[in-house]
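A quick write-up on the structure given underneath.
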Amino acid sequence: MSYTDLVNKEKAIKLLLSRGVTIRDIADITLTIQKQYYENLTIEYCEENVIKVLEKTEVQNVIFTGIALDILCEKGLLPEPLNELVASDYPLYGVDEILALGIVNVYGSIGLTNFGYVDKEKVGIINKVDKIGKRTDKCMTFLDDIIGAIAASSASRIAHNRIKE
Amino acid sequence: MSYTDLVNKEKAIKLLLSRGVTIRDIADITLTIQKQYYENLTIEYCEENVIKVLEKTEVQNVIFTGIALDILCEKGLLPEPLNELVASDYPLYGVDEILALGIVNVYGSIGLTNFGYVDKEKVGIINKVDKIGKRTDKCMTFLDDIIGAIAASSASRIAHNRIKE
Amino acid sequence: MSYTDLVNKEKAIKLLLSRGVTIRDIADITLTIQKQYYENLTIEYCEENVIKVLEKTEVQNVIFTGIALDILCEKGLLPEPLNELVASDYPLYGVDEILALGIVNVYGSIGLTNFGYVDKEKVGIINKVDKIGKRTDKCMTFLDDIIGAIAASSASRIAHNRIKE
Amino acid sequence: MSYTDLVNKEKAIKLLLSRGVTIRDIADITLTIQKQYYENLTIEYCEENVIKVLEKTEVQNVIFTGIALDILCEKGLLPEPLNELVASDYPLYGVDEILALGIVNVYGSIGLTNFGYVDKEKVGIINKVDKIGKRTDKCMTFLDDIIGAIAASSASRIAHNRIKE
């Protein structure tokens, strides 16, 4: 891993934390969707894999961009009609899913199914984030998809490592 | 719609039918995932939207390609190691999801979540197809993802039309 | 087309214009890449197809989002390290290509090749936009990919209509 | 790298060779598109990166699937209308580009531009493969996109390693 990736990994982790999301929260989602396939899968191993996903340049850049859009939206700094589209998490907006796909694809298309599932079922922290987005002035339009994409990518990473052992 | 698309739509419908899947089966999945959002959504309206999705060139070509691979696999006509990868529905194969993405993307990335959900939860006919693939000599590796992708695309199409009315 | 799509099409056209890009500029790129295949292809027909592409919700939302990021970057309003990544058009940033893919995919994957080509060769207005981005305080990181994606999608649209006639 | 990936890498290399394509041929394309950015870039370093790309499960599976479709098409073993679509390299077929995208995405979306460029310009071996597909009974519909995708991914891999040094 390069120095830039190392520095940006720390920045990405801090940024997620500032929005109320820990590595453990994301690892919990990964554990939920993978524990049925791998006996003895631990939360610690899931955390390790979440951290490995966060070392990827593509993942870091999507996190920086998506969360910046959420924060700028809260401050009303996005030009219209964009601010309203993002603030209302408009169902046809779609750019949040496009960005999430940019994360999932790095670990191959096998992550698509898990991403869709955790996003739709609002597994773990995604449910909490979703409610904050709907009930408060906070904007979580990009964050919930980003969390789902990281958790699904971590699950793909575990599948790649486990199946081939 | 062009004459070629019209002819190929009929061929795609017949091909799905020859693998045990009707328009109604796919529309049932669409209804299941969309009825919570649209009161009075009918199975007939879902069927109309499934048919519209099947008129798209991209969708037809993925259906022709994916089902051909399933059938050739059943006959043992794919060169190894491909025949074994497809026959076993190997979790890291991934090309079935790549093809499904080729369908879903035509209706924008908002279909990704529904695709992942119905695929993971094996909604409706997907469950039946999955069991046939696992318990008989039939190969359904591409078919289940194709069904999920068409159902999710139909749901996206309905969302596009309904929200803007 | 819905009322929202109609209104947002006009907003997207105005936004592109405010960044120095006309429908004609984009149509010129489409004409350049397609004229070798279709005799008698006119700039007017290319313009019609560019406008049709701009009627799509997915395309409009990518335009609103990408150009907002360019403008916010110029004002230094993006949080670091994002502002620096976007301002420098950092080669590994990648989110600009992810967004462009969200446009291209709507017209099927046949647009991928044209998108890559016009982006790399900096055909027409893309070259001008690229130079403004590099030589002035203006940020054009997302705009050049958006233009390339719209031009490539228009080319795909023409191919779909012409081949099947 | 797992034992399966190692074995399948060798199988993928042999399969490409049986279709007339060497590691060196692909590395030549990578060198052509990257030498302007990196002084002292050697063909040997490009070859190393092509081999690294071929170690990825996703890449191997796309190669196995795409080349199998080319070969089955030559033998007339694909059911119609698929055999005709693939044999004629029908411009709206699109599944060849979808599969290529499955390769390119693994190294992030920065590879999209290079993929489109080498595919359109038919750089190096792609031109030769394209002519064989058009002038002989051989089918090269998937192979040319696969070569372009591997070369573009190798270029992305080099960019990731070089920029961060």
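Chains: A, B, C and D, in written order; residue numbering restarts at 1 for each.
Criterion: a contact is a pair of C-beta atoms (placed from the backbone, for glycine too) under 8 Å apart; a residue touches a chain by one contact, two chains touch by 3 or more.
Small disclaimer: the values here were computed from a predicted structure and weren't measured.
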Contact-richer chain pair [B-C vs A-C]: A-C
Most distant chain from chain C by Cα centroid: B
Distance from chain C to chain B - Cα centre to Cα centre, in angstrom: 30
Geometric centre distance via CA averages, chain C-chain A, whole Å: 27
Chain A: positions in contact with at least two other chains: 57-58, 92-94, 98, 101-102, 108-109, 160, 164
Residues on chain D engaged by chain B in the complex (per definition of touch): 8, 11, 57-58, 61-62, 64-65, 68-69, 71-72, 77-79, 81-82, 85, 92-95, 98-99, 101-102
Chain B - residues contacting chain A, complex: 91-92, 94-95, 97-98, 100-101, 108-110, 112-117, 119-121, 159-160, 163-164
Residues of chain B defined as touching chain C within the complex: 2-5, 57-58, 102, 105-106, 108-109, 160, 164-165
